[in-house]
Amino acid sequence: MNNLTKVAVAISASLLVLGSVAQADSIDPGSKFVKVDSAGAYVYKQGFMPKETVEIDLETTAMFVTDPQNDFLSEGSPAWALVGPGVVAHNVVAKEKKLKSLAKEVGMPVFYSTHMYTPHDFANWSSLNGIDKIMFDLKMFAQGTWGHEIHPELLPDDNTVVMNPHKGLSNFWSGDAAIQLRQNGIDTIVLYGMSANMCVESHARDAIENGFDVIIVADATAAAGDAAYESALTNFEFLAHEVVTTKQIIKRIEEAKQEH
Amino acid sequence: MNNLTKVAVAISASLLVLGSVAQADSIDPGSKFVKVDSAGAYVYKQGFMPKETVEIDLETTAMFVTDPQNDFLSEGSPAWALVGPGVVAHNVVAKEKKLKSLAKEVGMPVFYSTHMYTPHDFANWSSLNGIDKIMFDLKMFAQGTWGHEIHPELLPDDNTVVMNPHKGLSNFWSGDAAIQLRQNGIDTIVLYGMSANMCVESHARDAIENGFDVIIVADATAAAGDAAYESALTNFEFLAHEVVTTKQIIKRIEEAKQEH
Amino acid sequence: MNNLTKVAVAISASLLVLGSVAQADSIDPGSKFVKVDSAGAYVYKQGFMPKETVEIDLETTAMFVTDPQNDFLSEGSPAWALVGPGVVAHNVVAKEKKLKSLAKEVGMPVFYSTHMYTPHDFANWSSLNGIDKIMFDLKMFAQGTWGHEIHPELLPDDNTVVMNPHKGLSNFWSGDAAIQLRQNGIDTIVLYGMSANMCVESHARDAIENGFDVIIVADATAAAGDAAYESALTNFEFLAHEVVTTKQIIKRIEEAKQEH
Amino acid sequence: MNNLTKVAVAISASLLVLGSVAQADSIDPGSKFVKVDSAGAYVYKQGFMPKETVEIDLETTAMFVTDPQNDFLSEGSPAWALVGPGVVAHNVVAKEKKLKSLAKEVGMPVFYSTHMYTPHDFANWSSLNGIDKIMFDLKMFAQGTWGHEIHPELLPDDNTVVMNPHKGLSNFWSGDAAIQLRQNGIDTIVLYGMSANMCVESHARDAIENGFDVIIVADATAAAGDAAYESALTNFEFLAHEVVTTKQIIKRIEEAKQEH
């Protein structure tokens, strides 16, 4: 076994029990690292972090989903050994599907930020960091391949804005995220997708540098191993305007719809 | 005691012994979370992460330092309870001073990215995330105050490029980092400073989106508590072209100078 | 006479009569290139360009002023031979002063985007285009000098947001314009200042790429010669959401205030 | 006749003679506004502008082409009345084809920045400036249509990097231009395409803000009418590191190849 495989086996083993439990209810967190209080609200791990509640305005809020593609969400991806255990344990696909259908129901657009590389990129890019090296070795998100395609349960519909694909980790740098959100009248995003400490976190950081309010759905995401997921959760508390669970944001959006 | 104080006391206690040991040698890591191998190289925590060595070209490499200011590095800062323990334990000031003087010696420029808010910002900004709320509550990095000033041991000299100050977490979004680096012929940065999972990490992410090679000095930084520092270390391994310790990068730069 | 001087003399001569006439009323256009219709509205030069009227919402609109500094607006600037004739003929300083005081009166913030280079920039920047070469030869906008200072008639007050200074031609690339506007709740800017085809036009282009509505005040600006000013006017009609004269926007803002 | 048609007829008439002459030699300027000296070099219109010669390094220089698509370059485009006369008179397609084939011959990559809007954009964008209104009225660059397709004479080959499509006027804001150029080792671009005072000029401005050297090919571009083209030429002299003609840059690249 090479290193990648060894680690993957270890991660898989540690998540096996958890994973099977989690699937019992597809919108429960599915991770021992996410805790909720008696009212169902996400419990911040860092006691010094102020916690506030962002008001949901259905006119100016959108779902924002990173990398809803086979290479992160489907068995058969070359990165499945790394990300699959978390995706399964947290029921990421089921949650993304649920949030997408709720968004359509309440008239809130869903923005898709996909990841894409071309054969020319694989052959010519000259400055690869750690995560790039893994993605390039595995030829992930290759234009025109199954791995780059959107997961079959999450196909775009007339309520979905499929933005330019991004390189690196954030559409705000290599795509059209900022102008698309602004031109569509959005000032607040409900952010989730893959992977937690990479593209979700980079989109969160850049959305904030552009003046958007960011609500992160802590359990509608997963990462390459426990350490990466835990890192994301810690950083989300610093970065987000609010961290929530899937169940919690669904309730908040439904309430906003009723009051509307 | 309020929450902030309580947490700070807990953090301080846990780092006391460690801190005093670390100061015995000002360029040793000073943190139980940073490990080195027998050759003195930083040991990656994630086994699946490819590790490569970036060649140091003295003509095109620069030091890049985030927030070298009193509000992060000096006792007396309103955030000292949160960040002070790590700053002391890791000997951040001594390391920044050493790297700055080495850079001057070998003719490598040092870029300073400072953090700054104005009274108008404190009074008018309308979209504050978690970390903003803390900084705004504590009136950190206020223009014209001691807290905003650069630490007295780290004052700029004729080898320092003091860039536009940044808001948020990254000079690449609200300052002139990208154009300054390019106009000065730099394509690789040795990155460190404060705080690890916030400004250091955001600068790392944005430098990469702009095509720079990034070497992060894992122990010439600190964060608000163990969890935040650990998160940074985990993410650095994904994000950087290479993660090193202070001792390790000093040796590498000295060798590059000799071969020059 | 060198080339710069020769051209300046030619420009000065051609504007002499015009200049003296223009000063009779400090908010009249002051340029033969700006025409108004019987209702006082700016007349578009390009017949195919759709003309629309942007509604002024005092809550979300701001003045945005580029380079209100001595090196563009005061006799004594090394660039005065180039830009002075237009600045005088169009009464740019008087118009900026009038708009600034009106803004304060109606509670609309004024954003200042200043231009700045440091001695380190002058000594080290490696990629200079045409306009950079002129600015670097003349050591314009040098940090800490009179040329960099804001014109004495236009000093910031408590209604002014002095943003990070910019390099190049636009604060959206090397300063904090986008985040400052968003954090202050602004979605529409009334744009003017110096110089017409350089910094005013670059700020217009970038504001639009960021999703702001842009109203350009065609006569509260000037440029290095007639050709440069004419180019700006032509491009403004393509770029702006609306092109207006100073007199016209004053009237519109006063009406918005009364209806408020 | 509506306004658009009337203007188009006027433009067409004024360019008829010129157009037919120009086509005699497909790489001659084709415009009375572009002059060359006895050595074949582009003559700057502004005497005060310093003129320098950028050295062509075949390893780090690329062609950069904006909007090589039917809606700008082919009869049948709804905007043909506006842009067609210039495209024909300047022989833009023939020049783009010639430069593309030369680039391949000497091993210099060609970057394509295409323009694209989706039906969702047409239906939902809320902040349209002058040029947007025209493009949206005419449904230009609509994803999946003939107008969005690359001109049949200019189809990408294995030497072409087709970047993310851009919205607005510049790929540096809504696409991946900066990271693509950097990752491919490019620091200098030879810039041309459509339209002169809109996308070519915006890409020039943004390339410079990102630290690239920019050589603009003044006659391998056209615009909506004489005023727009003249504006572009004036501004190119301020913005570019060098302004050249097609014939001139071909000669320079061939010389660079021979010396190589």
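Of note:
Letters are used for the chains, namely A, B, C and D, taken in the order the chains are written, and counting of residues starts over at 1 for each.
One rule holds for everything that comes next: a contact is a pair of C-beta atoms (placed from the backbone, for glycine too) under 8 Å apart; a residue touches a chain by one contact, two chains touch by 3 or more.
Predicted model only: the values in this text are computed from it and were never measured.
By number of C-beta pairs in contact, C-D leads over the other of C-D and B-C. Of all chains, the one whose mean C-alpha position sits at the greatest distance from that of subunit C is A. The two sequence copies subunit A and subunit B touch through a face in which the numbers common to both exceed half of the numbers used overall. Subunit A and subunit C have centres, each the mean of its CA atoms, that are 43 Å apart.
With each centre defined as the average position of its C-alpha atoms, the distance from subunit C to subunit D rounds to 27 Å.
Work out the mean CA point of subunit B and of subunit C, and you get 38 Å between them. Counting only residues that touch two or more partner chains, subunit B has 127, 168, 173-174, 178-179, 182-183, 209-211. Taken as a contact graph, with one node per protein chain and an edge wherever two chains touch, the assembly is complete, since every chain touches every other chain. On the subunit B side of its complex with subunit A, the touching residues are 3-4, 6-8, 45-50, 52, 82, 127-131, 133-134, 137, 168-170, 173-174, 197-198, 201-202, 205-206, 208-214, 224-225, 227-228, 230-232, 234-235, 237-241. Those residues of subunit A that touch subunit C in the shared complex are 178-179, 181-183, 209-211. Of all the residues in subunit C, the ones that touch subunit B in their complex are 118, 120-121, 124-127, 161-162, 164-168, 173-176, 178-180, 182-185.
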